[in-house]
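Presented sequentially are two complexes of chain A, the first with chain B as partner and the second with chain C.
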Partner chain A sequence: MNLQIEDKGAAVLLAINEERLDAHNSGELKNQMLKLFEEGKNNLVVDLQAVRFVDSSGLGALVSGFKNASSRNGNLKLSGLQLQVKSMFELTRLHRVFEIYTDSAEALASFQQ
Partner chain B sequence: MDEVSSFLLSVIESSDDAIIGLNKQGDIVSCNPATEKTYGYSGKELIGEQITKLSLPDRIKEISLILLRTFNGERVAHFQTILLRKNGTTIPVSLSISPVTDKHDLIVGASFIARDLSRHFTFEKTLRETERRYQQLKSSLELAHEVQETLLPSINNMTFPELDVYAKTLYSEDVGGDYFDFYYPETVSRNILGIAVGDVSGHGTSAALLMAMVKGALQTEAEHSQDNLEKIMDRLNKFFSRHAENGLLMTLFLGVVDVRLRSIKWCSAGQGPVYIYHTNGQCFEELSCTGSPLGALDEMKNECQSSKFREGDILIVGTDGIWEALSPAGEMFSVERFRQLLATWHQKSSKEICTRMLARVKQFTAQDKLYDDTSLMIIKFPVVIN
Partner chain C sequence: MMTDRIAVDIKVPNQTRYLCLIGHIGENIARTLRDYSGDREKLAFDLNLVLTEAMANAIQHANEGDPAKEVHIEISTVSQRLTIKVFDFGPGFDVEQYIEPRHPLEENGRGIYLIHTIMDEISYNPTDEGHVLEMVMNLN
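Moving on, here comes the complex of A and B:
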């Protein structure tokens, strides 16, 4: 999976440079997030700007990251949702679970407040 | 030594096969490092000895007979036998023995090449063992498939003659996480049918086990809570969150169809889109989700919704295996195509709509195996009711 991880201080930015987040690659995202949690990095921003489609496994990976972050007093926020991806979150009512920002800069800034 | 000879010598020296030169008496006149390494003798110990030094005592004749044929000009290739190492252990080999001639084409000896087959045999053994385990696993999965088939209710046993109901699940592997079910909250009314369609994220065995657990829990909850969908959903969510591995989700649509009142109420945990096709207006009404998939949140409140239907209307509950199916070119089947086909087929029986749709999805993917579990439940509302 083409995943760019960058420590931005207040939070770690994970930019998913894939068109699809699905059963094929969501396991890897989950593992990468677990690795960050083990390093004590509990504030994450997952940037989905490049992602055109998320399936239920992809949603599962994000939910798992969110739950893990929350249980460690951190947070997982999302940014850059394309229209189709956004409607998937709305359909499944998961837009109420995640804090969603227009872009990664905004999401990162929210951690500094 | 000229360049070609030294090149050939280097090939022999670097070979993994034992390459031994013999004179016409069968004495060893040369051997390469692989011979020393494989058989445990030094070159000194071998040169001047009969080649049968490497034979098993009861197989000495075998090599002698081959050598006789070789010295008559015949070439023997890929002859499988067993040779003996210095330490007394044996080694399976494939022998290639060819005559060696001088510049007048007279046979002066033989080249004796022994390829070590022990690794090959170990590989074959491992392969056979792997094959055996695979077969074992395959038959237990086939059995699991049969068990799972019995978990899905039989349409033929439906006790609702007023409704034209059909549902089908195609699993992408032997077992999977898609699920449909019916239940009968009979203490409420005899005219009520409970339905469920769900999808555990991912597919395969772990999804199947969760699906089986949810089926059990749903049937028990429905028994207690009858048609109180909010309560059933809340309990199922807690149950799923407790048992499923972190990150596994299950979308689930629960509906209660009241045949007499011509109404349907539902709770949908992220399962959708679900539609009623209104035959009169030829339009789709989307039954929206009331909550997130099971497992997403420990506490989830679903607020039940309801709608009305008329004669001939169709309730359509499918899983994402349909609209997320991919063509070989990477195009998605899409909700639009799904709706378009439903509208075209709305006059057909529920069985026919269901069967045609699943066949169309399979055809679209152009694969023998579906990428995801795929389910569809079609309910055509009462045609005649008193």
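Moving on, here comes the complex of A and C:
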């Protein structure tokens, strides 16, 4: 999986540079997030700007990350959702779970407040 | 009016690396259909999703992740009815159990709910060798 991980201080930015987040690559995202939690990095921004397709496994990986972050008093926020991807979050009511920002800069800034 | 008939028959190994291939075929069918007046990009996303979810279910739940098995998929359009059949060669799973929406914080089990939301009809029945998940969408 083409995943760019960058420590931005207040939070770690994970940019998913893949067209699809699905049952083939979502396990890798989940493992990368677990590694960050083990390092004590509990505030994450997952940027989905490049992702134009997400399936239920992709959503499941993000929910897993959200729950792990929350249980460690951190948070997992999302940014850059394309229209169709956003509609997936609405269909599954996950838009009420995640804080969703237009872009990663905005999401990162929200951790600094 | 001329109505084109499309029939696609695909067999791929029981591996998630082929989800992308199958999803793209669904997208391309949506963009190529002759008589469709709805939102083609939405249809493309929906068919990509339905095929991805149905195949992932077959791989993980019905074929028990065995990479040596195969998933067989048929896609056809006849008289404005688009039918997708996903055949698996395993013991099957209980579809009814997954039709209702999951709690937002559940990590698994959304695939069949999504398919059920998008498609007009869904059924899961035994075959001689396994099971078939049959999904129908009315295109008009």
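Criterion: the second predicted complex is superposed on the first by the 113 of 113 C-alpha atoms of A that agree within 3 Å, B and C clash if a C-alpha of one lies under 4 Å from a C-alpha of the other, contacts with A are read in each partner's own complex, and residues count from 1 in each chain.
The criterion applied here is as follows: a residue touches a chain if its C-beta (ideal position, glycine included) is under 8 Å from a C-beta of that chain, and two chains touch if they have at least 3 such contacts.
This is a predicted model, so every value here is computed, not measured.
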Clash or fit, chain B versus chain C on superposed chain A: clash
Chain B versus chain C as contact partner of A:35, first or second or both or neither: neither
Partner chain in contact with A:72 - chain B first, chain C second, else both or neither: neither
Chain B versus chain C as contact partner of A:93, first or second or both or neither: both
On chain A, the residue positions that both chain B and chain C contact, one per complex: 23, 53, 55-57, 59-61, 63-64, 67, 91-94, 96-97
Chain A-facing residues of chain C, complex: 16-17, 19-20, 23, 41-42, 45, 48-49, 52-53, 56, 59-60, 101-102, 104-111, 113-114, 117
Interface residues, chain B side, partner chain A - complex: 199, 201-203, 246-249, 251, 270, 272-273, 289-293, 295-297, 320, 324, 332, 372
Chain B-touching residues of chain A, taken from the complex the two chains share: 23, 30, 53, 55-57, 59-61, 63-64, 67-68, 91-94, 96-97
Interface residues, chain A side, partner chain C - complex: 20, 22-24, 53, 55-57, 59-61, 63-64, 66-67, 84, 88, 91-94, 96-97
